[in-house]
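Worksheet: one structure, shown below.
When the chains are written out, they are named A, B and C in that same order, and each has its own residue count from 1.
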Amino acid sequence: MVDGASALGLGVATLWLSVIVLIPLAALVARSFDGGLDTFWSAVTSRQAFSALKLTLWTSLVVAAVNAVAGTLTAWVLVRDQFRGKAFINALIDLPFALPTIVVGVVLLALYGPTSPVGIHAVATTWAILLALLFVTLPFVVRSVQPVVHELDREMEEAAASLGAGSLTIARRVILPNLVPAILSGAAMSFARAVGEFGSVILVAGNIPFHTQLASVYIFGQVESDDPIGAAAVAVVLLVLSLVVLLAIAALGRWGARHER
Amino acid sequence: MSVERRVRVGLRTVVLAYLGILLLVPVGLVFYRTFEHGLVPVWQSITTPAAVHAFWLTIEIALIAVPLNTIFGVITALALVRGRFRGKTVVDAVVSLPFALSPVVIGLALLLVFGRGGWLSLPFQVIFAVPGMVLATVFVSLPFVVREVVPVLREVGDEQEQAAATLGASRWQVFWRITLPAIRWGVAYGVVLTTARAIGEFGAVSVVSGRIAGQTQTLTLLVEQRFQNFDLAGAYAASALLGVIAIATLLAMTLLKPRKDEA
Amino acid sequence: MRTRTLIAAVLALAALVTAGCGGASDTHGGGATAASSGEGSTKLSLVAYSTPQVVYDQLIPGFRETAEGKGVSFSESFGASGDQSRAVEAGLAADVVTFSLEPDMARLVKAGLVAPTWADNANKGLVSKSVVALIVRKGNPKNIHTWDDLLKPGVSVLTPNPFTSGAAKWNILAAYGAKSGGGGNPQAGLAYLRELITKHVKVQDKSGREALQNFASGNGDVLISYENEAITAQKKGQAVDYVIPDHTILIENPIAVVAKSTHVNQAEAFVKYALSPAGQQKFADWGYRPVDQAVFEKNAARFPTPSGLFTIRDLGGWSKVNDTFFDPGKGSVAKIEEEAGVSTAK
């Protein structure tokens, strides 16, 4: 490709990303250190902040893990299986992308709150958090794995079957290894998304610190309590966490791709 | 074969049950609650001046944010796939960051840059006005076009482009006539995802909007306000409207997906 | 593909142009929910906390019918008191501001946006008052009448989080003041708060209105809130009753003209209208206690005076209270909330 054009393209892309994403983030990081390193550290390690971060971390990991399994199974069924209404279900997968988070919150409140039509009262519990997060992160693994399943070479599976391997073995030894990079990438995106979720959880989570208060809600509370530095500090931690996960998964993907050849 | 069949049906049931509980029931409930009392109150709810304005403002913001993200998204995708530079992974991660940031944080960050005493001081009002809301919307919907176009670009390969270049085509001609048509379904799908996100954005926009009734209130902010003012029926009606827009976008996605996968 | 991109580009351009013209003017669809803010040569920006929106929806048209209000149009913004105050501090244009409590006004004084003398007038800078009340289900099935009743076994109490809702601090202070004899016996007051928060409050919503929504949707037996919220909720058809305990705190809502306003005269005229008998009556209609003594007396039947009414000044004023109780690290309420595993700041 012509280098001049790619240089221009790169320049434009960089400018765009900088203005829209990087500059505001830089301002955020700067703000978090406004009180010096000590303030940053104490803001992040305060009991409540730490507890909120822990809750966010483990719920996001659980959700990523559940999505890895459920999403893969869903992608598999959507590609390999045939049944009535498959196209409809396939379309539905993108619904969480399309639905505004506040509507999700209102809906979950209606469904699992005190006036629940199904008798489930999960509001203000950790279950409510997990439900909300599972809803908003549903598409990531599914959409990431689907194209790979599509491209899978069925001959390998058939060869393995003809050699006497059972379904489970085929799944484990033949299919899964091919899907792992896509699963990981989708799971990483799930994690990143779950970490930042606010609109849907704020209505159903109960937000009881040390119990059901996520980092995003804690940050909100800090802003409301006139502690923008504390808010920025915890936000920066979340940012770094997501960045690390995204980069790690990308690196894993590249390592995997290199070793495939 | 019967074992396989049982496994297949079993898997199908599990997956459908999971999706049904997680997706269908909640969404169905919103529509049920909205139309519980008939069509007329819903219509009245979404045709009040505030609702109409909120609707058009939402569309207006989307009409600015989406083309911007499309153009720059395609450029970024091209740079990521065809370009030669170090740090591609970092750029890729930066592009995905908007997913990870909670909206309160995004609003906070934008306030820090464009608010009173912030880093940048522009001659026109950014925060608490439409430009700020556009910025917030662009921020949150940034990743979609890039993420959809990159795999398509990779798959398509650049042989055709190289061939055209050797035949004397200019860079612009190569892009316009060869690259763009090749990735068009990826772009279209990305545009639809971006639009859905832009229309549905709530958190970041609420922080930077100033909530000025009739001026900086989008549909999602209207839902919140109605909810707060005991107008539950109105809140559900506005939510249903957003839901309808979401479903329309979903339909567009469905129509485009097979072509994107085929391309 | 070519045509499509062209159309997209044209649309984008059109949108930009529309945004440039449309965003700044007030010609969009007629404005606010109930009242139309209309066109006019002067435009006033009102930035207010969310609960009195119903009142201002009537005050504004009323003002526009007066001589001073002719030709004045309004842009209105309603939101959580603290949020709105912070927004104005961050640059939200405002001519008249009104908040739920005084510290939100003090923030703007510190930022140089409101004159330090804002409270030096006959009404002490206030536009309305209320009292902390206990909102119960219609018919008061659990027979709640006093603060002690909240500690009865099995009673579930809702109150918003005082660390994410400045306005929620009124609730805590009312309970504290009542049980500590107006601040005389801090131990008793704190002991009450401790038992209330750790044993009876399961969820703390992030704002007063959300707590009310929560209560209205079936959670909890008692909601600690304000008299005006209760009356507004009733007017809006919610099945609630309210009880004013004998000992409770007087809530005072400030209003002020922003110093940098370009329409100071009209802004002051609007505030004057809000303080006039006509304006104050509208507050009274929605359950706010008027600061105008005559109007208050006229509506006295609806606003009983509790025998043990006290004010924030009896507890030492906002600065002292914020330090002693609500300081995220050292405040006594912060410590109690931590014991309950509830949200505090640091």
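For the reader, a short list of remarks on this structure follows.
Definition applied: a contact is a pair of C-beta atoms (placed from the backbone, for glycine too) under 8 Å apart; a residue touches a chain by one contact, two chains touch by 3 or more.
All values reported here derive from a predicted model rather than from experimental measurement.
Common neighbours of chain A and chain C under the contact rule above are B. Among the chain pairings, A-B comes first (most C-beta pairs in contact). Chain C has its Cα centroid 34 Å from the Cα centroid of chain B.
Mean C-alpha positions place chain A and chain B at a centre distance of 16 Å. Under the contact definition stated at the top, the residues of chain B that touch 2 or more other chains are 227. Looking at chain A, one finds that residues 220, 223 touch two or more other chains. None of the residues of chain C touches two or more other chains.
Of all residues in chain A, those touching chain B in their complex are 1-7, 9-10, 12-14, 16-17, 20-25, 27-28, 30-31, 70, 73-74, 76-77, 80-81, 83, 87, 89-104, 106-108, 110-111, 117-118, 131, 134-135, 138, 147, 150, 167, 189, 192-193, 195-199, 215-216, 219-220, 223, 228, 231-232, 235, 238-239, 242-243, 246-247, 250-251, 254. Contacts from chain C toward chain B in the complex involve residues 1-2, 5, 8-9, 11-12, 14-16, 18-19, 22-24, 26, 28-33, 36-37, 45, 47, 50, 53-54, 75-79, 84, 87, 89-93, 209-210, 213, 216, 233, 236-238.
Taken in their complex, chain C has these residues touching chain A: 80, 82-83, 86, 107, 161, 163-166, 202-206, 217-219, 328, 337-338, 341-346. Chain B meets chain C in the complex at residues 48-50, 52-53, 56-57, 60, 63-64, 67-68, 70, 111, 115-117, 125, 127-131, 134, 176, 180-181, 184, 210-215, 225, 227-230.
Remark: chain A residues 42-43, 46-49, 109, 113-115, 124, 202, 206-211, 213, 217-218, 220-227, 230 touch chain C in the complex.
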